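Two complexes come next, and they have one chain in common, subunit A, joined by subunit B in the first and subunit C in the second.
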Partner chain A sequence: MISFPIIRVITKIIIPYILLFALYVQFHGDFGPGGGFQAGVIFASAFILYGLVFGLPAIKRVAPVKVVEKLIALGLLIYAGTGVATMLIPKSGDGGTQLQCKFLDYEALNHSIEWLGPLSGQHLGIFLVELGVGITVTAVMTMVFYAFAGREPVKG
Partner chain B sequence: MIDFVSQLPILMIVLPLVTAPICVLLGGRQLTYILALIVAWCVFAISLACLIQVNQSGPIHYEIGNWKPPYGIEYVVDALSGFVLMFVSFLGAIVLTYGKASIDKEIPHSKHYLFYATYLLCMTGLMGMCITGDLFNVFVFLEISSLSSYALISLGKSRRAPLAALQYLILGTIGATFLLIGIGLLYQMTGTLNMADIAGRLDVENGGRTLLVAFAFMTIGLFIKMAVFPLHTWLPNAYTYAPSVVTAFIAATATKISVYAFIRLIYGIFTPDFAFNTQPLDSALLAMSLIGIFIASAAAIYQSDVKRLLAYSSIGQIGYMLLGIGLVSVGGLAGGIVHMFNHALIKGGLFMAIGCFALRIGSVKLDDLRGAGKTMPWTSLAFTIGGLGLIGVPLTAGFISKWMLLTSSFEAGRPQVAAMMLVSSLLAVVYVWKVVETLYFADPSDAAAKAKEAPMSMLVPLYVVIAATVVFGVWTDWSAGLAQQAAEFLFTGAKQ
Partner chain C sequence: MILIVIPILALLALTAVAVARIRDLWAAVMFMGIFSFLGASWMLILDAPDVAFTEAAVGAGISTFLMLGTLALTGKTEKPTKFSIVPLIVVGITGAALVYGTFDMPAYGDPNAPIQTYPNPSFVEKSEHDMHGLPNVVTAVLASYRGYDTLGETAVIFTAGIAVLLILRKNEVGEKESV
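== the complex of A and B ==
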């Protein structure tokens, strides 16, 4: 489709807006509709559009298969790592006691950044978890596109 | 500092879940193997610690994210789930220990780190289904374990492996969807997803049609996942074409977890009174399992591929577990639960032996295995002992569970069931003998005559499992004893 100038130009114009919208959905997801999954799909759709218009080799230069594969794992690791982090950081209980937190208990993330307010832990926790989801979903969607687009035509 | 003791239930799930992406990030073959191996054994150690803790001080509850149930997800380790977690993690770890040489041969080296990651994810899913006390979480973990097992099966060397995986994927997805429909209906009736909370709120006497439909959907969904006789069609191909290590792991664990979920469903949610008195599930179970045992065992006799033969035998053996549930007594249920454990060991051991043959001979067709008993005596001996366990010969684990099922079917006043169980064991004798005869008494095939004995790294774990089938055939404190406790726990819990 690279030979159609209109498609080429329009694609190049709208891709930044798609990416920006994805980031908006991602980071505003804590307060409004949206979140990691939706943002990830939108973000990946920018890659897929680029791949459809400029071809598979071009998109693979932007997002190499190896990197995309590692990103899938990285997203999951951020999510689960947040949970592990909450287990490693004790939360302060009554009278300065240190309490063991449970997996994904966001209150553990509270006291380290007090200036963010009383619910800072909740905010940071969901932010990290959604970031993990977003990264994984973006990478998986791109990978699915690669898997279908990269298939050799069946002979005979 | 982290207080490990209070976090054990979640570590059992999180450890393999975190290690899987780390394996992908690291890449490489040796490092990821060692990492996966260490984690698998750690998980086994944790599950053992949990089981001991449960035996001493009762069920462990763990609230994720400190959200109180029924609002949050709760993990529960009790007598039954602790027992199942223990043997699933044991088989996961021992199969991985055994598998290095087999994985090196059967799976492309560039995909090894992905294989280990997927293996750990599969383990996470199976353990998660077992430990969770949240009904929707059961579905999530079911999907994690199913998706990863489809991927694992499709790694098989044969070109039919992806097809077998697709076949499993389609049926498995139907099964999971049915389960989800059932969960949705239960949620609609009770407004909660926590199993204990659902059980408290569900009015099983006046549930009406919605309850019945939910019950039917969930039962059929799980029947597909555990490959009960008329819904078993995905299983023979999946087991036959998967890599040997995957077959050993999945055959030993996956279907048992679905049986476990089924037991939970009946005793934890719908109550046995509804399932067996209001609904005729007990007669249905007895009929289906007996027909399944006979047809699957008869089909096993006619197979020329040993993996496929054992796959059909697995379908038959699931029948014995359901038979135990269908007898509706503490003894029967305990027999069914202990058969889950014993069959996991026996089938795991048998498929591990088959993996050794596949490594050295390159095929598991009966024709190619002719005379392998001379060149691979240790592997053949292991297969023979495992086969005896499958038949249920005294002094093997298989005998214990069949004995418990027999006595409880007499107690339940169903001597005809007992008689049919005995006859079906004869079918097992036929198909096991067929393989043993080929191994020991046939003229060696070309491939078998040239074969060497399997490497020590595979034989030692193989013999650990095979020895376990003999040990648990004699010493039953940790198998039948724990199963008895679990069954009593379920029955008293159900009456309250």
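== the complex of A and C ==
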């Protein structure tokens, strides 16, 4: 479809906005509608649009197969890793005692880092797990697109 | 509101019938995309923008593309099939049973429905305090209260993606060098 100038130009114009919207849905998901899954799908659809118009080799230069297939696992690892981190970091209980948190108990991530703003442990935990979901979903959708688009038609 | 709800539901039903009846598969895929967009509009009316997002992006976007990709590999028209009365009866009975089942459900927006009364105090009331001021209850429930479930969900997506790749990448061997 690269020979159609209108499609080519319009695609190039709207892809940044699709990506930007996906990032907005991803990182604003704690405050507005949306979250990791929706953002991942929107992000992947921008890749798919690029692949449809400019061809599979072009999109594989942007998002190489070797990277994307590792991102599938990385997202899940971020999610589960957040859970493990909450078990390892003790939370301060009443009277200065140190309590051990359970898996995915974000209270352990409470912090007092000034430049991170008024983030609480819950904010940080939700942010991290949604990021994990978003990465996994983007990578899975992109890889499924590669798998479908890369097949030769079966003759007969 | 009723002026929007009734046309959307009527169009949903019409599109579903069109998808089932039409023999041209390209047209059927397009109708399925329209069905997804109508479904997304309907979910927006039900105050579920998260689900509407997902429906529009997955249902109308990615699955339409995957269907078209499949058609490019197979064929564009469905083989003509003989009209048979048995599937119609089965579908009719199943549909009637489902409609009968909805009679027991509470009315839409009923304040005494279990979803509004359980748990007490509900997540809507306690979420903002528990989450230190995070306003989105849906995200709070998904990612924090029910964090385990979402972890399982992500694992399901991961497993499904890996399975699809294992099945579909078989004849990509010749392409390996170019990657």
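Observations
In the analysis below, the second predicted complex is superposed on the first by the 147 of 156 C-alpha atoms of A that agree within 3 Å, B and C clash if a C-alpha of one lies under 4 Å from a C-alpha of the other, contacts with A are read in each partner's own complex, and residues count from 1 in each chain.
Please note the rule applied: a contact is a pair of C-beta atoms (placed from the backbone, for glycine too) under 8 Å apart; a residue touches a chain by one contact, two chains touch by 3 or more.
Since we're looking at a predicted model, the values are computed, not measured.
Of the two partner chains, both subunit B and subunit C are touched by A:A80. Look at A:K70: by the touch rule set out above, it reaches subunit B but stays clear of subunit C. In the superposition on chain A, A:L88 makes contact with subunit B only, not with subunit C.
When the two complexes are overlaid on their common chain A, residue A:Y106 makes contact with subunit B and with subunit C alike. Contacts of A:A139 after superposition: subunit C is touched, whereas subunit B is not reached.
In the superposed model, C is the one of subunit B and subunit C that contacts more residues of subunit A.
Annotation: subunit A residues 69, 72-73, 76, 80, 83, 103-104, 106 touch subunit B in one complex and subunit C in the other. Within the complex, the subunit B residues that touch subunit A are 1-3, 6-7, 10, 14, 17-18, 20-25, 62-66, 117. Subunit C contributes residues 49-50, 53-54, 57-58, 61-62, 65-66, 69-70, 72-74, 130-136, 138-140, 142-144, 147-148, 150-151, 153-155, 157-158, 160-162, 164-165, 168-169, 171-172, 175, 178-179 to its touches with subunit A in the complex.
Looking at the complex, you find that subunit A touches subunit B at residues 69-70, 72-74, 76-77, 80-81, 83-84, 87-88, 90, 100-107. Contact residues on subunit A toward subunit C in their complex (touch as defined above): 25, 29-35, 37-38, 41-42, 44-45, 48, 52, 57, 60, 64-66, 69, 72-73, 75-76, 79-80, 83, 103-104, 106, 120, 122-123, 125-126, 129-130, 132-133, 136-137, 139-141, 143-145, 147-154.
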